[in-house]
């Protein structure tokens, strides 16, 4: 960080940030990551809850399985996604043949790639937080007649609130920084699938200063978003 | 609505084996020493603990039996846990409305119900507060309101009044008693306070070490305790012994002359602490049972005093006026004489 | 096995292996992975006690590492552009040679679903075409070829490196990609290559830089630039310089 | 995942896994990631605790700052590290001039790169879990005379146990999959700094099947480690 | 060791303002209705809550004063919280040993101490258990042991005995009383049970709505309550009125004839529930004070009964034998006459 700041050519910063690819990339990043986080929340929270309350070998292995996308180098993850959802993929081919739609090279693919890499962070962080919540509240809610769904939405969810926010921040940051899976699965086309990290990487190939300028812009955005949201929602 | 339960269950190395039966609208009070298994019993009835054996049937419908085990949410129970466990993120009203909402009431209906329950327990003005902003006794009343608000078929109350102050407690108790009399379901209330039990319950169940030691309507249990613990709770002195004839029982403190009894053989004798008179010297008069005693402790309670005595190794409790304590200069270690008239002594087979 | 610390002030610090006796440290473009690995093994067999340490990565990353003082004796880059990132006097104690050339070629999936037969076919708007990013050598080369031919294909993605570009074709996600001849050769039956006539094509050169006069370093550099090197590089699909 | 498995050439798997670079890479990965997780725990847990108990703007921004390495594309992170700890770096140069040691291109640099990317995951996950722990236990411990250090080690730490394990699993997985920062900061020398993801990258250059085989081996290792550890330590 | 405190503090919108002074080895009992601020007071003394104003000095050393605020860990306090808050991850022994260990004892010493404290409270055999494996009453005793094990200079107990069963409670209370008498520090105990207060304390402090309403040694408070709440707790009937002369006090229930008094003007009159006699018809005899009354509630407690009456809108409590309840056929709504002899009535200035 300090190294980065120390070597930044502050004078040229403005010029770099006015490059035409910068703002579309940042806008795309912000949009896709927000969708990703929303999906993480919708899909991941129930999963985290189930994992936190489940016992036995199935849950243990499911939990380990959740870490797969974390361990997999993102590029390999992207290849796996292509093999599954690509035009020739296990799922993608029948869909393409039936409807003529194909995912890769679309913003949807960007979201999918981000979801693939950030979901585990969300689920595992939220699961840890939910496990630290006293299970007796679940029991009390059950005796009051609450269905598992209601226990989840009205008891587990609010009680694990801080953990969920942490998890969402984590997942959002991870999605924002996501590079390998996106480039492999969604490609890199300015305006459609070129997110900020892709723009940074591409810039890095011939003008490190421009790359650094873009990175700093990304960081600024993320600091602002996280700082403000946290400032508002947490104490 | 009736309850028919035979609960065999365990928590860790501890097992309970208790049978409970209760008719429509009955209130059963469960009493017993700390660690006897009262809370374990309630949890088993609520479905938080699986039965090892036995059954729980409410209104003829099995909630647990053999391999059947209805989840708590599918039993119409209301449980007030001893450590009230109010949801920390909901207001008092939100906590009370949680049950009705869970069981399908509209938001308005649930809130109105919550307001009513809170008002009945004198905590309406706390409706907006979070549990963290309530005192202990206030929180307990909110938790009680929450348990009552679901109209359960089986209402389970674990020490519902323990944190209430002495002026609130009788009011809440009286309100609860009235409420339970009209309430069309079975209530099981765990309490350490005999006054709660006597005021609220139709039937007392004493549990010791996981098993029932005495069951019966209050009047019977109060008159004829069958274990020292029960005697202690109902405030009687109790001795075990053998009745050779219809006038005496041989006990650990020697022969006790009774008011007359039919049976022979193994026997309990009991008498009230208020029936025990204390004398500085050995009395000579109509009092038939007289023992030399040593004072163990004196407890002043309001205007009367309870004097714990040791009579030849057995504990004896006497209740006298606060004035007598001063007159007799009672203090731990004092030696004196204790007497009980034969007419005050009851004997019954054990 | 390297030159003494004289290079401290060269800016290229070609002494990464100073004191690590008998090790030649090579930073090389990822596209050279296969031939250089083979060459290093062969060289080690022939020269007892010499170890060749290889690190493959993107040419620019490697150049940046060198600029930041990475230990390096030999640097092989794909294209000349990354050399701009090196300090001006980087190779003043060593030397420089060109070890290979590459030309641009069209790659299609094996069954060539788009029926691509030549450069002109890329103008078809129904074809999904993938190119390297504008900033990497293969992207610059492809742009130049297309511009000269006056064609603007329907590009769906500009990949960060040539392997990623090729992957899109091997997996059938794209109908055509513009990559290097060597990539088409190494991909074997996973792709079908469609050559571009020399007249329309551009050439990428592969410079080799060495940063010291240490005999092992110079020996390895000469081995790569020599016949053995040329054979290995040609086997991997590279053209002779 | 399924896509990956479906396209794997199972027959050749064995051959690929016997390639000489495979086991050194996996060994290096396992060793460095274990060191990384240990460091995460030692450095990150106290930080998480402080964050979880701190109020006010400083904590909020510190928390946001923690997400920087997550947001930064790893390659840029690697460049930043190089600029800080490289032989010419802000920190690296004085150290090199004074002691003659330099970090980059050593296994230590691998650990540093992994620490840089995985620490935030650890800290944020653990912080979320610690915040879900009832603060009244802290208060009780304080009245019993426990110093803040003792409250931390004897109360906060064990109570946040599940969350810490989640965080460690997350950080470990992230470190295991780390690629961009490592290749940039530590280089890609077989046996010294070539971790499993780097080996996958190299393999991908000429033999995608080999890359997939290696990825599967990595996954297997991670599943085994996480599955077994969790099975043992959590219920 | 002495305590000198003037606590002004607040929790949300609620404020307490209480002054406490206690000499060496003193035991102060704090009583008051739910929500009066007792727990808030203890938390302020422990340092969990900052003072808004005032001071806490122990042995002349300031713990809080002006801007000074020692953290809880730096005050030599022992706090038993009402919701015991045992550390769930430590065994009972580990919980009790936590304090001594924190204050520097060796592992062996701390464990030995923990064993001893647990044994004294009758829960030694539970030493290995986790809090989740204890019953409510067992957990409370472990928490009490934990608070006692630190030898604090200021021991703060919040409802320490509320979960104990009626046979354990007197034993623990007696043990605690003996312990506190010998213990070289100040104890502040919050309780709802007058028996606890009378047994343990040298001084009673009644708090209502954040402020002290009556302070004094037990004997004085018991004899002369000064608020209806205090009267209720000590088990007396209390009426406010004005004394026009030395024989009568004009109250809400009409003139009450007393046993004679010196003062004139604003006055309290009080008498024991046992002094109240009940008559089916208006009695004509020596009883000077006679009122028509309506039964509100009847509570049977062991062998006696408490009858709550309504006398012209004021509450009156009578205690009679269980037998009288049957004889008089007392039940809510019954109308009858209540009488108190003038000699049983005390009057004192308010």
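Read from first to last, the chains carry the letters A, B, C, D and E; within each, the first residue is number 1.
Here is the rule we go by: a residue touches a chain if its C-beta (ideal position, glycine included) is under 8 Å from a C-beta of that chain, and two chains touch if they have at least 3 such contacts.
Just so you know, these numbers come straight off a predicted model, no measurement behind them.
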- request: Count the smallest number of chain-to-chain hops linking chain C with chain E, moving only between touching chains.
  value: 2
Field: Touching both chain A and chain E (chains)
entry: B, D
Query: What are the two chains with the most C-beta pairs touching?
result: A-D
Field: Equivalent-chain rotation between chain D and chain A, CA atoms, steps of 5 degrees
entry: 180
Message: Centroid from C-alpha atoms only, then distance chain D to chain E, rounded to Å. What do you get?
response: 57
Statement: dist(centroid_CA(chain C), centroid_CA(chain D)) in Å evaluates to 31
- line: Taking each chain's mean CA coordinate, chain B and chain C are separated, in whole Å, by 87
- line: Touching two or more other chains in chain B are residues none
Per-residue multi-chain contacts in chain D, two or more chains: 75, 79, 82-83, 89, 159, 201, 204, 208
- prompt: Touching two or more other chains, which residues of chain C qualify?
  reply: 61, 64, 167
- line: Here the pairs of chains that touch are A-B, A-C, A-D, B-E, C-D, D-E
- prompt: Of all residues in chain B, which touch chain E in the complex?
  reply: 11-12, 32-36, 38-39, 82-83, 133-138, 141, 158-159, 162-170, 173-174, 192-195, 198-199, 218, 222, 229, 232-236, 272-274, 297, 299-304, 308, 321
Query: Once bound in the complex, which stretches of chain D touch chain C?
result: 75, 79, 82-83, 86-89, 92, 96, 102, 104-105, 183-184, 187-190, 192-194, 201-202, 204-206, 208
Field: chain D-touching residues of chain A, taken from the complex the two chains share
entry: 1-4, 6-7, 55, 57, 60-61, 63-65, 67-68, 70-76, 79-86, 89-91, 120-121, 124-134, 159-160, 162-167, 169-170, 173-174, 176-177, 179-180, 197, 200-201, 204, 208, 211-212, 215, 218-219, 222-223, 226-227, 230-231, 234-235
- line: Touching chain A in the complex, chain C uses residues 58, 60-61, 64, 81, 85, 128, 130, 133-136, 155-160, 164, 167-168, 171-173
Message: With touch defined as at the start, can you tell me which chain D residues reach chain E in the complex?
response: 136-137, 139-148, 150, 154-155, 158-159, 161
